[in-house]
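So, here's a batch of structures to check.
What follows is chain A paired twice: with chain B in the first complex and chain C in the second.
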Partner chain A sequence: MRRRFDIRRLTQYGVVVVVAVTLNFLLPRLMPGSPLTLIAGVDVGLLSADQRAEIMARVGLDAALWKQYLRYWGDIFTGDFGYSFRSSRPIVDMIWDRLPWTLLITGLSFIVSAVVGVVLGAISAWRRGTKIDLGMLSGMISIESLPSFWLGMVLISIFAVQWRLLPSSGAVTSASDLVGWAHTWDIVRHAILPAATLSILATPGVYMTMRYSMLETLREDYIRTARAKGADERRVLFGHVARNAIAPVVTVLALRLGFAFGGTVIVETVFSYPGLGRMVFDAVSGRDYPVMQAAFLVFTAAVLAANLLADLLYPLIDPRTRTS
Partner chain B sequence: MTVTGHRQRATTRTALRSSRLSSLLGLTGVVIVGALVSAAVLAPWLAPYDPTERVARPFLSPSWDHLLGTNDIGQDLLSEMIFGARVSLTVGIVAAAVALLIGTAVGVVAGYYPRRLGSVMMRGVDMILVLPFLPLLIVLAAYLGRSLLNTILVIGVLIWAEPARVIRSQVLSLRSREHVLAARSMGAPDRWTILRHIVPRTALLATGSFVRAVSNAILLEAALSFLGLGDPIQKSWGSTLFWAQERLAFLTPAWKWWVLPPGLLIMMASLGFALVAFSLEERIDPRL
Partner chain C sequence: MLANVNRRSLEAGKEHMAERPSSPAIALLLAVLLVAPAACGGEVAPGTSVRVRAAVTGDEGTLNPYTYVSGFPGWNLLMLQYDSLMQLDKSGVPRPWLASEVRVNADLTEYSVTLVEGVTWHDGRPLTTRDVAFSVDYYLNNAEASRFARDLMDVQDVVVTDDYNATFVLSDPSAGFEMSALADVPIIPRHIWESVESPSEHQFEGGTNIGTGPYRLIEYVEGRSYRFEANADYFMGAPAVDELVVIVFADDAGVQTAIRTGEIDVIFERIPPEQIDLLDAQDPLDIALGPEFTTQMINYDASKRPFDDVTVRRAINLAMDRQDIVDTVFLGAATVGSPGWIHPGHPSYNPDIVAIYDPVAANSLLEEAGYLDSDGDGVREFDGQPMSFEIITNSPDSLRLRIAELTAEMLAAIGIRTSVAAVETGTWEQAVWPGFDVNNGRNYDIAMWGWSAPVQADPLRLPQLVTSVPVGGFLNLTGYENAEMDALSGTLGTESDPAERNRILGRMQEIIAEDLPFVLLLYPDGAYVYDSSVYSDWEFIAGQGIVSKLSLLPPSARP
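Our next item is the complex of A and B:
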């Protein structure tokens, strides 16, 4: 049983990868305008016909479409994403430079939003229908409607400009020779605002799932049994309800981790944070198409990895699903 | 993606309480949406200036002449906000309509023919939901170029998967209801049954998903415009924030009148539609 399930899931992941890569391959070739501009990064208008043909041949655009497609796959498997139009650096190196920063702030915000969301969700469900519940619920619905970039800008205005507590942009203080603890502290200070923005935005999703899951669990017979046998409320809440309610939340969390990655495009732009998201923004505004495409593949990989994680974690947390 | 289903046994008391709550939230949403839509419709009469004209010195602080001050080229920010409602709401509503059209078509077909065709279609829907949404949106918008129509299309084409899922599950259950079975057993062609008996019954649910989609689309439009991918001529609230960011308004006291208002308006618009959607969904399926 278990085995067949795994194979089906793996096939699904495989299909998603093929679709993402194919989409990436086709987009610059199908879009209006010359693919030469999009793939080779040259201004077509300025070239003679001969020059154009020469560049077409160099970047392999003169080959049959299926040959180009195969080569594209080959490049991906050998980890060759090509070069940036703007900086002429290998894109793989750019990704490795920036990945740690994105991991830092998404990781931080993941932990914060998970803890806060689960705790508030549990309290809210436990006190269903009270003022606390209503207050938290409407607060969370409002947060879901916040434009992420705007939240970032407002936090900068308040904490960095008005109160001068934290730096407004970047990941480290430039041109400072901080070492050791001072250096670490500098990095932490720079990460606080972007990570806080991401945390605030990610909390409602966790909260809603936890609250809903708790409400469902509270209706179970074994909870009534626990109460009937006289277990004190705190013990019922943490020992019985929260423990059983948390399983679906873990799945949602894992899935969100993948999407949180994508969300960094906007937040890192606001904070000029040198992660992958900012790289996408720079690539978009500089028409640096190969960088844009490589980043899209990295984001797809992140979402798939998160899905895989969720699938693997679920049976560990909720034994009820193991046999099915 | 495993979801555990449990039985639902809402007590009458909590059901009552939550229905009162949902109509209160719904009413709030209707009021917000109503106010913003009226502002958009009445913009030429409400706005003190033409938002495309340079009417004063750049970077003015708020005064009685210019309640929200002026931007970097001397346009009145209050008028820009009022006219921005037109762009933001139009994109949100039209993009959601596009999404609903695709979503209903896919949902109805996939629900009515659940075996081969339906399961293949839903596989496709699952796939779309797995692709990294925001990066894909940005990449598509960057390739297509900056125009209002492109923004609408990119958003609409990317957010139909959720409505499709909701509508499919409704069609799946409608399909085996008696009146549908009766129609089919009397030899009604599929097309007739779908249009006459299935589609009208999804209307309420479709309205819910439509309103929810508007709420999302407004936020997505704002994000695209903020990244500089919006229409350069038709300025939305997101575009105002793009320029505020470009001119570093958030590092100066100007953030209070240049950064705060457009963001609050985006939030109100998205929240208004979300509240309406919330109360509609609750009404359709009180178990939520």
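Our next item is the complex of A and C:
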């Protein structure tokens, strides 16, 4: 029984991977425009037809589409994605350089938004219909509708331009030769604004899920029973309601973790933060196909891994979903 | 090796601090957040040396002649590390540089150079004419993605006489060789490059980017920053700026914020007109202004109806209120375009050519030629169809988009209805210049367009824009043809008398202003913002802006 479930699940993941990889390969090539400008520079128009053909051949773009597609699969299995058209650097190195930065700000914002969202969601549901609930609810709905670039710019203009408290851009002070604690503090200072932007924007989703799930749970008979037994409110809230309401929140959080990678594109651009999102922004604007393919693959892998994590976590949190 | 530059300095043996969140850094992060204020501080104490932090908005690769990305400011940063045989002075004229002397024979086929003696590469080896000959061979044999191969395509041979004397032998006479090649091509060291087989992908060990230039790239962090160290032994004198840090930003908005907050000291890209007064008003920021040779223009498909009719093109030209566009869109920070193409600040400008704004005359031209509005809907007709077209422009260029909108209004005043389509840059390029090859034709009616500065800076490139395609008009994006123009273009490149060349250029400008293969609207002025309390000796090279080695050398060393 268990085995059959696993095989079916594995097949599903397999199909999703194939579809995602194929899209990753096709989408950049379906965009109008050519990577030639990026490879050859601004003077691309001054190159002869032969020179242009030579460039396309060198980067393997002259081959038939199916050959490029097979090569892409080969790259995936060998873990070698070739060189960026723009920087001529190995793409794997670029990803490893940038991944820690994205993990840093998404990790921070994940923790902050999860804690704040769950706590506020629980309070809101518990005080349903009160001023506190309505105030928080409308506040969260407003926050959710903020565009990320706008929020980022507002934070920059307050904390970086007006008050000069925090840097407006980058991940470290360039060429500053800081070491030890000063270096760590420098990293923290640069991470605060982008992480705050991501946290603020991610909180309403968690809050809404938690609040809704709590309200559902509050209607359950066993809560009424618990109260009827005379259990004190705190015990009912944390021991019964919150504990049962948390399962859907975990799913949402796990999925969020996966999408967090893609969600950083705009914030990393606003803050000139050197993460994967910014790399994708640069790659898309320059038609840097190999970088786009590799980065999208990382995003795909993150989303799938997050799904898998949710699948695995759910039975642990909610015993009712365990298979026999 | 360069692949690991984020962890290692480019300079062999000299290790730099890792600039990524190391695992202890991440582990300590939350703890740090709690005790943070106590651990603050740590900037390196400033000495007497001058350190300038500049901003650009795109990564420029590893910045060697095969990996730099953009023509501006990529090439400019490249040339901080390398030298060419000649160097543009502040009026944009080539002057001897690595070559102390350049002589040309009467029929413009042989350029002889004498090198300055005692110039050394960054690794201490001497520069000789063998490096010069090697550079030419190398660029020509590794033509992929190199503008320098194109610069040198007429070079048949470089004859080396001795260590300091050599002669470039050209297959065809070239009047523009000093500008297009000698002042453009970086000389590379033979002892480094002779073993490099695939230059764009080669990952250099330790001592990469060895040039003769005033700066040495000592650190490159992909997507984030470059660090240049002054070459104290530079043959023209030690640079005035000891360290130059170039920081890579994601967009203009980030850059402009950073100069306000003091995170950077200069922006190595033009700032938009609406920022000029705002930034200038803030102390200690200052603005360097000057002429630039980039262009904003209207292209139309002159090979098809109705734009194949010169009357329609003339009417469009007369309908354009250029001064209004300069004032409205550029807030005055641009120069009104000459219908003859060449910038009034350029030595080859024909002063008889001036732009005229006369919509009444434009209307009567169209009326007389039979383009009437027979159904009274305010739009004229041609061949039984309304004169209704799409103006295509690229959405990231907001100024160009505003020019397109004004253009649409001005065309409406002469009965031509247009709608502005702002598309993404790649799409726009594919419509105007499919595959970057004029032989592929055109897929647009009207397009806003602009050329980068080199196309205009060297007037001897004019034939590429306006001769018919088979004769060499490989930048002729509008399908324009004129036999006299083709003939003049043929004589321009082989004429050895500069006065006669200028006369030919003057006539070509007249023909352009009459025939209007395109409508040149304006030349944006260059405006650069810098923090004058850090460094203020920026030199504005006409047509090139402030990003050059001249800006960083002591004024006495500038040509």
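Here, the second predicted complex is superposed on the first by the 278 of 324 C-alpha atoms of A that agree within 3 Å, B and C clash if a C-alpha of one lies under 4 Å from a C-alpha of the other, contacts with A are read in each partner's own complex, and residues count from 1 in each chain.
Rule of thumb we're sticking to: a residue touches a chain if its C-beta (ideal position, glycine included) is under 8 Å from a C-beta of that chain, and two chains touch if they have at least 3 such contacts.
Everything numeric in this text was worked out from a predicted model, so none of it was measured.
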Partner chain(s) touched by A:F281 [first = chain B, second = chain C, both, neither]: both
Contacts of A:I156 with chain B and chain C, given as first, second, both or neither: both
Touched partner set for A:V291, first chain B, second chain C, both or neither: neither
Which superposed partner A:A114 touches (first chain B, second chain C, both, neither): neither
Chain B versus chain C as contact partner of A:M208, first or second or both or neither: neither
Which of chain B and chain C A:S168 touches, first, second, both or neither: both
Which of chain B and chain C A:E54 touches, first, second, both or neither: second
Which of chain B and chain C A:V19 touches, first, second, both or neither: first
Partner chain(s) touched by A:F261 [first = chain B, second = chain C, both, neither]: first
Common interface positions of chain A, toward chain B and toward chain C: 31-32, 38, 153, 156-157, 160-161, 168, 269-270, 281, 285, 287
Contact set on chain C toward chain A in their complex: 2-4, 6, 16-17, 19-21, 24-26, 28-29, 32-33, 36, 39-44, 53, 58-59, 61-62, 66-72, 74-75, 143-145, 147, 149-150, 200-201, 203, 219, 221-225, 227, 243, 245, 247-251, 253-254, 257-258, 260-263, 424-427, 429-430, 433, 435-437, 439, 452, 454, 464, 474-475
Interfacial residue positions of chain A with respect to chain B in the complex: 12, 15-16, 19-20, 27-28, 31-32, 38, 128-129, 134, 138, 141-142, 144-151, 153-154, 156-157, 160-161, 168, 216, 219-220, 247-248, 251, 255, 258-259, 261-263, 265-266, 269-270, 280-281, 284-285, 287, 289, 292-293, 295-296, 299-300, 302-304, 307, 310-311, 314, 318, 320-321
Chain A-facing residues of chain B, complex: 1-4, 6-9, 14, 17-18, 21, 25, 123, 126-127, 130-136, 138-140, 142-145, 215, 219, 222-223, 226-229, 238, 241, 244-245, 250-252, 255-256, 259-260, 262-263, 266-268, 270-271, 274-275, 278
Residues on chain A engaged by chain C in the complex (per definition of touch): 31-34, 36-49, 51-52, 54-55, 58, 83, 86-90, 93-94, 97-98, 100-101, 104, 108, 153, 156-157, 160-161, 164, 167-179, 181-188, 268-274, 278-279, 281-282, 285, 287
